[in-house]
């Protein structure tokens, strides 16, 4: 039964994908496509804990299965894909390239679900690659000029990331002496390997400097695709970290510190640049950069202080769950907002996940942040103290950013409501409020005394926002993708140079 | 003669005889010619199957014939030989089918298929060569039998390509010959044996052995297209697509790479080569080739030329694997021998399909071809991903083993080389895929020869081979750990090379 | 021809000459002494004159090939293609013609004598053939014998008869164990047979060397 | 010094003279004559040297006889060719031809 | 010598003499029908001789029953057997070729006395290979030379006559030098029999022996057309009708080489070392110069002829290496045999190509690959031998040669050998690549008798396949 459900989780999306290709089966496949994550959902919620499927003949020897982390990730991944799928059915009902969208959608989905199930390096990497490359099709779906540009940058960064990951995996596997995730438990690979793995996956996670693709790619994709890109695919990178980094049993002070630093930068940088955006989805994308910074902190801390890891792991997991739900809800909501305009119910629906993101009390964000803070507090000086000050400040920033979002939505002109879109979104939003609580027993439950501590950053943020509005503060505009722009300039110059060099070289050869 | 002596000869004869008969056939006997070709290919497959089963069971197959006193023609169908023989035989079958479709209606087909068969004969002979002398015999035979294929079109451009090809390969052959005779003078006949044999010469011969190694490797390095000996390969791409497939996947470059394997493992012995310090320079040369080939490929607009430079790069993976001291690297190199073959042949089949169906020869003309020819393009894409080393393709498996082998050999810098190369591979393949799938198709194709009929985007003889080989790219990657995969066979060979 | 080559040839020639002269002057006496051997075996050779013995018996093989050389020279001349029609005899000097007519029997007689004498004194087939040829040349010069063009069958037979006889004898004797190994009893007769055939053919050949040449593009 | 040796010495000189002539002279007729001189030199050496101790040796005599016949044949052939060449080209030497490769 | 069936060696000389004479008797243009069965019989005889030699070792045949030094010996050993076999086999194939070649109306006039001349030529070679007497060798040399000259002139054109004349003059001067050498040798030692001479010549002989050896070898080199005496060869071999060129290039030049080898291995062995370097140097120069010229000429047959000049150079490379061990000698003979077969094939193929295109230049060849593929294949196969590529006999020759050079530590020759091979590839592929070009619109092809094509092909195949049976050949050499 376990084997069957594991297999079905992985194969159903692929089977549907194949069914899409011949015209004969296309219609039925299109109907069924949104339901592709159901077996995975079944697996995540009902399969027994020791569900393992050994496939020694597959790839370099594969193992699929579920552990605690995997189960959690599989759960929210499958759910998010399901929601996005249902949403997409309506969203793309009249799209000319519908079939192509669904093909890429299902392929990406298979990869993403599989990543959660993979318990060996080869299949993890395989499915990860499938997800990454298939997502390109989602990014460029609209075929607009921005989409091509975003796709190009996405692909370049993704390839760099993949390759770096493979190099890191090779070294890790060499150090571990095996390809199973289980083999990695006791291994302490050389720092280079760890750094390569961290960086390779960091592209997906959106570490600062490696994030360049993110604010471009997430917004240009169709809304349901953005929801999964930002909601769960970033988490695949995170899951990779959790699986492949030697967390919990070896100390890597430099890498840990670097990750901590990068996490911090991400938190604030994401907010800062996000505030300077005009486009809803770009704002959300930057928010993702910022939020992933929180999780990066957790991982960085785990590398610096392995002793904290048993506390940190569930916290990071919870954070991932919370962010996946909230961010996908926001994206889906943004989609609705763009279709129906800044109506009140839209604003209200968006405000809930926005608050969760800001960590407002009683939201999932509140639970997650508290758990994370608890873990991070154990860090040695100066990190412990420093983070104690900075984390609330980051929450202030998040609040500001969310306010900015709502402000932008508010200014959208109202249009006809579309129920088929709104219903899955609203349902999803509500689910997002509830679900993190189900996971709360795994982490140190925040003390109720901490409620105040969670409240003031939100209020402070709102205050700043009001002040800015009152003062008619002009926000400077930063083009999406920030650093990409000067980089592209540089490339253009180089290309011109190359055109000068090439003929000379040809002459030399002839 | 016993069965164990006859079987290797039968493998050779199964393409030689049809080839000779085909030469004598009049041009218009298409049916008979095709039947002969396929009969040869299939019977060769059967013989190879028998050999495979036997070798896996520990049988020894060989044949000896004295040519000169102390010089023998030796055939030996051992595991390593069969790795290459199987590859060539299987791919030959597909290439033959493809060529029958590709050359439909073009002139001089008797000649073409005659040399085609000779070419494969030379390849299997080379693979089963049991000593350096025999190896050289077939090495040169291969050169000669491919030349008419390269210049088949008879255009001045083809001539230029052919002459460059000859100049390079014959010069390489000369170096190889010098090295072989030198070694022969030092120690008599040099049979291929596990673990090599030259170590017996003792320490006073090391200086000479180093020079001989250089000569031998430079000799086979021409065919293996190691930089700076690679210049012929991009020139030779003027040949028809089946020939390119042959050059790049089935026979020629493989012969060079295979020669490196034989020389390092079974003439010098990998341990001894390592102790002479010969492996590091080889690895460096291979690394340079890998990167340089990819860099050159980036700038080619001609599709086949781009693929050709890609071959330059990819074939050196094999040499690299050989130069990595340790069984894992060996496994990687040997597995790549097969993997590169099926991937590159798929690419060339697809390139040929674009040219033959749509008249498209340039990368820049490929816009939207994925819509017009989805199956071909899918095959192309799979193989291209394989070249980049994306899982779960065959290319991923070999790259993985190479990387692991490098780490095991303590040559961590190789990982950087692999990284760079993969990046470059992505840089020249992904734009092609992008054009195939995501760009709008043009108003008209440059020269549409074959109209689409339903899902049959082109002739079925042209379509089937790339689809099968593309499937093979996936299957060999997905099922790499099964006992019948090329990887498993490579492991068997590596075990024999190192444990003795 | 350029000067450099000329001087080089002269220098090489002079030094070669000098070296040879020196070499000859300091030559020791020979290690092998054939005249004694010849004398010893003369009795079995079938002839009495040592030179003829060497020519036709001891080194008869040389002679066989030499006849072939002559035949070959003639053949080659013939290959030079059909020339013009034979030139009419140029000088029709009646005195010369008369002389030639009278000399002819004498010439044939002399040839016969030389042939017969070869067995025991200087003479033999070559000399006899040469005399015959000289007669033919004489006739031609006197305008009594036209120059030859392509040889007719009978002429061809005459040209090769001697050689064929020689060959036949050699082949027949091969049955005895070795080429040209005359049984002592038959040696004299066989040699005479060969010489007779050769005289005729050599005469014709030598004459032909002249007559075919004259006939051509003269 | 015996007569035989004297003959031989003279033969040497004739041979060298003839050889040089055969190489250097341009006119075909002269070449042929020079060749004959050269051959005669060789014959003289063959006969003379063998008999330098004044013992008659019939073997070289027979050899020379053979040689002479061969030389006659060769001379005739050379003359025939030279005449044919002259008749076709009007030239008496090969040298211009030699320049042409 | 009292066997039931007498010595095949003697028959190998008598038989061609006989059929040559009979062919003459039969009249102009006749003799082909006689020659082919006779040559087939000669082949059998040569084979028989070789087999019996392999069993019993070298055999003497004392002509006239006298024995050396009084009489003349015929000596049949492995070396001569190999050369005899080569000669008969190539001659047989070329006879078959020639019969078809001259059947054509355009070429009939060339055939007038072709058959008797060829018969004498073959007889001369067989006699030369078997003779063991220096003076007798002189006679055979002359016989051979005159027959060859006659064949060069056989076409009767002005160029042919000029070539024949030049050939004749060189040949005569060369024989003169050889004869002078024989005179000196006879004067010094009192005998011309090789068997008697061999024990008499020691490493410090009188000056006369040196001079004799020098004169004889130089004369023979000139006859072999070794650089710089090669100038007569290209016009002579390039201008004659194809079967003649083939005979001359494949066989005749080998005869004088054979003699040099015999002398260097036999009586002059003590002296050989001194001159060996010179011979090797000239050989190297021949390889380079001949190949270079072949790369430049515009005519097919000239190209093949220049290739002969180059390939003959290899034969002389063996002399500096003779000391090493048997390798160099084997190499030389292997090269002679390989080149004999291959060159015959090349000329035969060139003849077909020229007849098919009606032109004699390389430029005229465009497109012949599609018209006479078999011939082109033959040309290519023979080219394989010429280039010294495996599995041909030429390759084995090169292999042995390099082996010998490396064994004796003489590096330079290896470079020359390799360079020569590459240059050969250069000129062979000059022909092949043009043949593969697309034929121009206005080109016209003439039909060619299939027999011509097949003969060329058979010769070429033989030259390649011989490489697989090198062991037998070497075993025969002993």
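Before moving on, here are some points about what is shown:
Per-chain residue numbering starts at 1, and chain names A, B, C, D and E are given in the order in which the chains are listed.
Keep in mind that, in the parts below, contacts are C-beta pairs under 8 Å (C-beta built on N, C-alpha and C of every residue); 3 or more make two chains touch, one makes a residue touch a chain.
A quick note: this is a predicted structure, and the numbers were derived from the prediction, not measured.
Shared contact partners of chain A and chain E are B. Traced through touching neighbours, the fewest hops from chain B to chain D number 2. With centres computed as the average of Cα coordinates, no chain lies farther from chain C than A.
Relative to the centroid of every protein C-alpha atom shown, the closest chain centre, again from C-alpha atoms, is found for B. A count of C-beta contacts for the chain pairs C-E and B-E puts C-E on top. Centroid to centroid, with C-alpha atoms defining each point, chain B and chain E lie 42 Å apart.
Centres computed as Cα averages put chain D at a distance of 27 Å from chain E.
Each chain gets a centre from the mean of its Cα atoms; for chain A and chain B, those two points are 43 Å apart.
Averaging Cα coordinates per chain places chain A and chain D 106 Å apart. Those residues of chain A in touch with two or more other chains do not exist in this structure. Multi-chain contact residues of chain E, defined as those touching 2 or more other chains: 135, 139, 142, 146, 149-150, 153, 161, 184, 187-188, 190. The set of chain C residues that touch two or more partner chains comprises 16, 20, 24, 27, 30, 33-34, 38, 58-59, 62, 66, 69, 72-73, 76, 80-81.
A complete list of chain pairs in contact reads A-B, B-E, C-D, C-E, D-E.
Residue ranges of chain C in contact with chain E, taken from their complex: 16, 19-20, 22-24, 26-28, 30-34, 37-38, 41, 57-62, 65-66, 68-69, 71-73, 75-76, 78-81, 150, 153, 156-157, 159-160, 163-164, 167, 170-171, 174-175, 177-182.
Listed in rising order, the residues of chain B touching chain A in the complex are 299, 385, 388-392, 396-397, 399-400, 403-404, 407-408, 412, 415-416, 418-419, 422-423, 426-427, 430, 438, 477-482. Those residues of chain D that touch chain E in the complex are listed here as 8, 11, 15, 18-19, 22-23, 28, 31, 35, 38-39, 41-43, 45-46, 48-50, 52, 59-60, 63, 66-67, 70, 73-74, 77-78, 81-82, 84-85, 88-89, 94, 97-98, 101. In the complex of the two chains, the chain D residues touching chain C come out as 5, 8-9, 12-13, 15-17, 19-20, 23-24, 26, 45, 49-50, 52-53, 55-59, 61-63, 65-66, 69-70, 72-74, 76-77, 79-81, 83-84, 87, 95. Residues 1, 5-6, 9-10, 13-14, 16-17, 20-21, 24-25, 27, 29-30, 33-35, 38, 50-51, 53-55, 58-59, 62-63, 66, 69-70, 72-74, 76-77, 80-81, 126, 206, 209-210, 212-213, 216-217 of chain C are the ones that touch chain D when the two sit in their complex.
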